[in-house]
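In the two complexes below, subunit A is the common chain; its partner is subunit B in one and subunit C in the other.
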Partner chain A sequence: MFADRHTIPILTAVVICTLPHFANVAPWVVVVCLLLWTYTAIAVRNSWAIPGKLGKGILAGILSFLALTTHEGFTIEAFIALLALMISLKLLENQATRDRMITVILCYFLLVGALFFDDSIIATAYMIFAVLSTTAVMIHINRPNDGLLPPLKLSATLMIQAIPIMLIMFLLFPRIQGGLWGRTPVNSGRTGFSDEITFGAIAQLAQNHEVAFRVEFAEEPPARDKLYWRGIVLWEFNGTTWLRGSERWRTPPSLQETTQQISYTLTLEPHNEHWLIALDLPMRVSYRRAWLLNDHAVYSWRRISQRIAYSGESYLEAKAIGSPKQQESGLQLPEEGNPRSRELAASWAEQAQDPEQIVALALNYFREHPFVYSLNPGTLDTDDETADSTNLMDRFLFDSRKGFCEHYACSFAFLMRSAGIPARIVAGYQGGSINRYGGYLVVRQSDAHAWCEVWLPTQGWVRIDPTAAVAPERLQNDASNVLPAGEMTRTWAFFRTGPLAKWLEPMASAWDLANSLWNRWVMGYSASEQLNIFSRLGIHLNARKDLAKRLGIFLASALPLLLLAGFLISRRRNVTGDKIAIYWLNFCQKLGDIGLVRSPGQGPRDYMQYILDHRSDLEGSTREIVTLYIALRYGKHAKDEDIKKLGNLIKHFAPRKRQTQ
Partner chain B sequence: MKNPVVFIAASIRKRLKIKERTILPIKLRHRYLYILPTRHGLVFFAILMAILVGSINHNNNLGFILAFLLGGISFISIFHTFRNLSGLTLLSARATPVFAGQTASFEISMVNPGLARYSLSFTFDKKEEINIDLAAGEKQAIIIPHATDKRGILKPNILTVSTTYPLGLFRCWSLLFLDTQCLVYPRPVPGPTITASGLKKDDNEGKSGGPGVDDFAGLKSYQPGDPFQHLSWKSFSRGQGLQRKVFAGQMGKTIYFDLAALPGQDLEWKLSRICHMILRADTLRIGYGLRAGSLLIEPALGGEHKSNCLRRLALIGQGEN
Partner chain C sequence: MSITRMKPPSPPSKNRSDLHTVFEQITEQVGQVIFGKQEQVQLALCCLFAQGHLLIEDIPGIGKTTLAKVLAETLGLDFRRVQCTSDMLPGDILGVSVFEQKSGNFIFHQGPIFTQVLLSDEINRTTPKTQSALLEAMEEVQVTIEGKTRPLPTPFFVIATLNPLEQAGTFPLPESQLDRFLFRIKLGYPDRSSELKLLRSGGTQKKSKTIHPILSAEKVIQCQQMAARVHVSDPLVEYVQDILDHTRNSPDFHTGLSPRAGLSLVRASQAWAFINGRDYCLPEDVQKLLPFVASHRLHRLDSQAEMSHDELMGLLLTVPVPA
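Right after this comes the complex of A and B.
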């Protein structure tokens, strides 16, 4: 039967430890977990019989199979889904103490899975809360009589006592740069950066105000409209989508023109792609196994699956010299499609004297026609079912004329290529906002942007931002602020323009600063920070060679702390209850240890006589203690100070075994 | 699969070779206490190691925090477990006699000189555990069962006092070889009643053929141990002191149970038979005496007489007569 006082607390622990995973596992896993939990809760309430083993076995088999097949094999998500399902299923078992303990211990394991997806302050606070409650449930299993409040209190005590140990271990435990054998990539689609562009790809991001990266400039940050953050460069157009293309040039890039150098440190949130973000135009990015390609995109050997920080140097307004091969790739177009656009481009090429003029004509086209900057351009490819999706450019340029930055960039590049000018698309971010307390720049997903670069014989690759022609205010503002009034999300509108905006904005800044500091100092703590601490203490170590030494330092500093903690906790507890009796027991036991055992029923006087018969050398102290004990035990009023005196006398009473006899 | 911790515990016990019995009272202090992880503790540490290795591999600082927090909590729990047992004071132990085969009950009184303790477990044989909580300063007596198999003086097995509170990851225990004992009477074996004067066919005939217990014969002065229901309250109220009624059955015919009168060679079986006869006679309130070799107990009746006879039976050949 389910009417077991342990089931509900364990169910609570399971729920608490599973909840953070709901965002990362397949929806059906969430539904099955919720069903199992509800069933358990109702079964406990109504004292239902426990379901049979066979049914549960079959269910477990089916669920494991589904968990593996719907999460792309042996990924972290599949593992978490499997664990969550099995723990939830285990609730349906007739549980002995042993099963209960295993369930709760597995809850801790489930908890760690969540940390691979989110390591923010909130996630940390939730983790601490989850450990607190899971530990309380564990205590409750071992002390089922007093309800859940005393276990919660003890759980909190244990945690508070464990925190100093945790801190020392965290600081001193030898860290290894780069991990042991590489990490399993996390699948869950992080919204944000993508390595291809279609119409509508970036518009999705405009509503996403998650932080993409933060930047600290060595000096004064450049003006907002100069902040183009270069991500990926797209070379290949297949008719509907702009792709990276197959070529990757590793020859060092060269600049035609250099201006002022800008140095900065960038902390990039994970996006699960290979591309690092850098201020346009980057010349140097220092990150392990990341290279600056010839088109000034920065490629990392590993996918960015965790937050990273790197420093970079860039030159605003610099222009890259293109190689002949780049010029050739910059002209690639599909065989057919978008005839009207091609025609338009051809007419510009005819009437213009030089490429610069063609560019100017194209920008004019955007300016003079009624183009609208909008998140909701309407679906371009379904309004006419007979037309295939290869004529998207035509429809955008001549019919709908509503679009987001990617529409302008893609169509502009298409027009340029059609007119014979090498062009490429750069996807990244534009702008960012300065945190008023931290002084750093925050760039959000909503700042995602796409623009064009065209190759002009006299200048090299020149950045052209067609969006600026349509909505020049975009460069001064967040994309969402430039949008027509109806397209701003309600919460964001409330946040930015509502009556509380005056207070909310500073709060948000402070919170972002807290997150930034947390990321930098706590989550960013690594081998190099650890070595810095050691070298400040005068111990200079090498990350790779001195692993044994670091381990030694760790053990040498952690062990005394652990022993101290143990000593403090296991100190004798305050005597309560019948103090006189307890002191007397201590006295008898001290004598018992040297062979003078008090026989049962032997009164204090007889016992004293017995002691003195054997050990006359103990007379003074024994007589004093026994007399005081008798007076306190059998006298009418025992004074507190006398009781204390008895305690002290007995505490310092230290009889020794006789050396020779 | 054998739990390695159980194995270590067993080898510790072997090495200690506890021989000396402990005289109560005893306060459980460091030198009496052992502590090792439980089976769940081992599973917990395996998972902790998995978390740690995962954190090292992924350079996940939050993973490190979780691993070290859990490690810290389990480490701290060692001392809480230890403290839960350390200082507990066992005051005395006693047990009332039982018949062989019955479960002996050792009553152990204890006092908790410190703060409250939870889930203390006491057992002689690991099968039947007694679990108690003790409030701060509380004095309590508990009864711990102990199996018996043969008559004589039962010296209890090693008493295991243990606790896994609070987390169940560590077990702290103390092994006590208590200097206490329990008298175990022979196991009663039913059969025909055989007295020294000859063989009676069965118990029923003995009852119907002999003088009835209800035939009042006179008064005797009270001896401690005489049956309570035979006291003469009338004479007591007349101020003649406490007297007991004597019945014809007790006066007229006394029987002797003689070890030598029983057939066979098996001493234990004979003792068991006599034990049963004594119990019958006592229920039927027939006075009886006991002869066993040089031992002779004059016929009498009453609780004290019965205990005395049973005790003598229990101790025959045990060198403690």
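Right after this comes the complex of A and C.
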């Protein structure tokens, strides 16, 4: 039968610890967990019999097989799913205290697993709550008659008591820089753009207000319309999609330097791609195993699966000098398709004397025709399978004339290439908003943007943003302010422009600042920061070589604390200043040191017998001390001089280890 | 039925060590009849001095009745025996008023309960009605028959026996009734040497004639009063409370020990210390007696089975003795 008073608390702990993972595991896992929980709850209510071992065994086998095969191999998600399923299944067998303890202890593993996916302030707060309640359930299992509140109180006390140890662990436990020991990439729940662009790709991001990255400028931030954040550079067009292309130029890029150099530190949220973001035009980015490619994109050897911070230097007005190879790649086009666009481009090429004029004609075309900046480009969506996917450029340029930045950038690049001017597409972000309290710049996914770069013989690669020709306001504002009314989600519109915006905006800024500080000082506390603290204290260590020393420092600071805790616990009963007890414990300690340990349940007379059985040579002193102790502790009248005498006797009691057995 | 039937030959002095030798004499004398059961004899004595009642659970033929009888004689107390049966009525134990034609009055005939040591054999064979009549008397040390309250002789000591094997046709004592017994002990088979001795002696019946009283009713009452005055120190009370607390909070038990069980434990420890010639209690006294006090009061959580002696000793290992 399901034991009522234990199962429901354990079920609660399991639910609390599993909930954060619902977004991370396959939907069927969620369904199975919910079914198992419901079954358990109903079984407890109706006192059903516990299912047989065979059935549970078979179910466990099937579920583990499914968990490991439906999560793309041995990923973290697969193991989390496995753990969640097995814990939920374990609910069906918790008759013994041991089973209950195992179930609850496993919940802690689920909690730790949640940190792989989300380490924000809210997630951490939830985790504290979850640890609190799980510990309370564990206490409840062992002291079932205490009711609800005392276990929670005790659990909270335990957590508060753990704070000093936590701080020492956090500050001093040797941290190992990323790399081999860093966490493996987690695939779900990451947004951002991939390394290709189709129509609608960036428009999807426009509704997403998650933070993409935060930037702190060394000096005054540049004007908003100058803030082009370079992500990836796309070279190859296959008729529907712009791709990175197969070539990788890792030769150092060259650029025409201008005067205004900008230095900044950028904290990038994980997006699971190889690209780092840098202010256009980047000259140097310092991050381990990241290179500035020849097209000024920054490529990281490792996928960005966790939040990283790096510093960069950029020149705002600089222009990249293209190599002949780049010029050749910048002219690549599919053999056929979009004939009207090609015709238009060819006509410009005929009219114009130089490439600059062609660019001007093209921009004029966008300005003079009724192009609309919109999230809903109608039938152009490549997701729509019924739509004709060829001649997308023609349909955009001549028919629909409604599109988001990628439509303009892609079609512009197509036109340039058709007119014989090398062009490439840059995808990244534009703008950002300054946090009013932190003074740093926040760039969100909704700031995602795409623009063009064309190669002009006299200048090199020049940035052309055709979106600016259609919707010049975009450079001064968020996309949400420029888009036609009704295209943004209602909540966001309410937040940005509604009656409460005046109060909501500062709150949002403060919250973002809190997150930023959290990321930087708590989650971003890395090996190098740790070494910084050490060197400030005058200890200069090397991250790789001095691991043993760092461990030593940690142990040296943690041990006294643990010893103090142990001392306090062992002396807890005698805090009242009971001298007899202190003397007696001292006596037991001395004997314990030579191997005659008093077990907790041993009374004084039994202990004496035990000592005499092993060491008859100690009889005289032991008998005197124990007799006096018994008389003082359990007798009717304890005289002060007798207490003193006991203290003296025990002070001079020095049993030695037996030399020969 | 006079209370002092015989004069004690060797009156115990106030001196504790002298008392201790007297108790040793008692144990020894009972031991002449019941071989190899010194511990049980001491426990029975302890139970008497703690003013409790004793429940002996064991199979027939192990010497329960003999023990009770010999103990009563050695202590110089009256002894009566009741064999409980299922057709027994409360009046069969308490007594009845009978109409006497000569005088035309109802004359009360005392039942077997009017004695100092009552052996109630196989108490679980009689009906709950009779059981509760007996147990009520045990608690109140008086009986009320036909509206008239009659005090029972003092000291009043009930030894009840239970046969654990036969379940058919028995009325098991409910937990509330079991709680009235201070101790529950088992006699167990004699060891080899004791049994050889027993077999050679050819039974105990004739030997019991050689038993002479060592104490008297007054002396027993005196001893009970002295036992109640044995000093119980604060650390000992804390220790007992820790044990009670442990049984209440540990997941192993169905319900923890009641405060009455705690009081019984302290009282029994006092008596035990008294028998051993001390005027203060030690944790060892509590540890020694806990299994006998608790075994019929504690139940395991999972199986509802009673705790075995060893399991109760295991409990003691986990509760630390205060320093």
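Operating definition for what follows: the second predicted complex is superposed on the first by the 550 of 661 C-alpha atoms of A that agree within 3 Å, B and C clash if a C-alpha of one lies under 4 Å from a C-alpha of the other, contacts with A are read in each partner's own complex, and residues count from 1 in each chain.
Basically, a residue touches a chain if its C-beta (ideal position, glycine included) is under 8 Å from a C-beta of that chain, and two chains touch if they have at least 3 such contacts.
Predicted, not measured: the structure shown is a model, and the values here were computed from it.
K.L.:
Quick check on the superposed pair: does A:Arg605 touch subunit B, subunit C, both, or neither? Answer first, second, both or neither.
P.N.:
second
K.L.:
According to the stated criteria, A:Gln589 is in contact with first (subunit B), second (subunit C), both, or neither; which is it?
P.N.:
first
K.L.:
With the two structures laid over each other on chain A, which partner does A:Tyr634 touch: subunit B (first), subunit C (second), both, or neither?
P.N.:
Touch partner of A:Tyr634: subunit C, not subunit B.
K.L.:
Between subunit B (first) and subunit C (second), which does A:Phe173 come into contact with in this model arrangement: first, second, both, or neither?
P.N.:
First partner only.
K.L.:
In the overlaid three-chain picture, which partner chain does A:Gln95 touch, first (subunit B) or second (subunit C), both, or neither?
P.N.:
Second partner only.
K.L.:
Quick check on the superposed pair: does A:Leu243 touch subunit B, subunit C, both, or neither? Answer first, second, both or neither.
P.N.:
A:Leu243: touches no partner chain.
K.L.:
If we overlay the two complexes on their shared chain A, which of subunit B and subunit C does A:Leu547 touch? Say first, second, both or neither.
P.N.:
After superposing on A, A:Leu547 lies clear of both subunit B and subunit C.
K.L.:
A:Leu562 contacts which: subunit B (first), subunit C (second), both, neither?
P.N.:
So A:Leu562 only meets subunit B here.
K.L.:
Is A:Leu316 touching anything from subunit B or subunit C once the two structures are fitted on A? First, second, both or neither.
P.N.:
In the superposition, A:Leu316 touches no partner, neither subunit B nor subunit C.
K.L.:
Given the superposition on chain A, which partner contacts more residues in subunit A: subunit B or subunit C?
P.N.:
Of subunit B and subunit C, the partner in contact with more residues of subunit A is B.
K.L.:
Using the superposition described at the top, list the residues of subunit A that contact subunit B and also contact subunit C.
P.N.:
97, 141-143, 145, 573-574, 578, 581-582, 585, 588, 600
K.L.:
Using the touch rule from the top, collect the residues of subunit A that touch subunit B in their complex.
P.N.:
97-98, 101-102, 105-106, 108-109, 111-112, 115-116, 119, 123-124, 127-128, 131, 135, 138-139, 141-143, 145, 151, 154, 158-159, 161-166, 169-170, 173, 175-176, 178-183, 306, 522-526, 562, 565-566, 569-570, 572-578, 581-582, 585-586, 588-589, 592, 597, 600
K.L.:
Contact residues on subunit C for subunit A in the complex?
P.N.:
It comes out as residues 231, 233, 235-236, 248-249, 251, 256, 279-284, 287, 302, 316-323.
K.L.:
Would you mind writing out the residues of subunit B in touch with subunit A in their complex?
P.N.:
Interface residues on the subunit B side: 23-27, 39-40, 43-44, 47, 50-51, 53-73, 75-80, 82-83, 86-87, 89, 91-92, 111-115, 118-119, 133, 136-139, 164-168.
K.L.:
Inside the complex, what are the residues of subunit A that reach subunit C?
P.N.:
The contact residues of subunit A facing subunit C are 95-97, 141-146, 573-574, 578, 581-582, 584-585, 588, 599-606, 630, 633-636.
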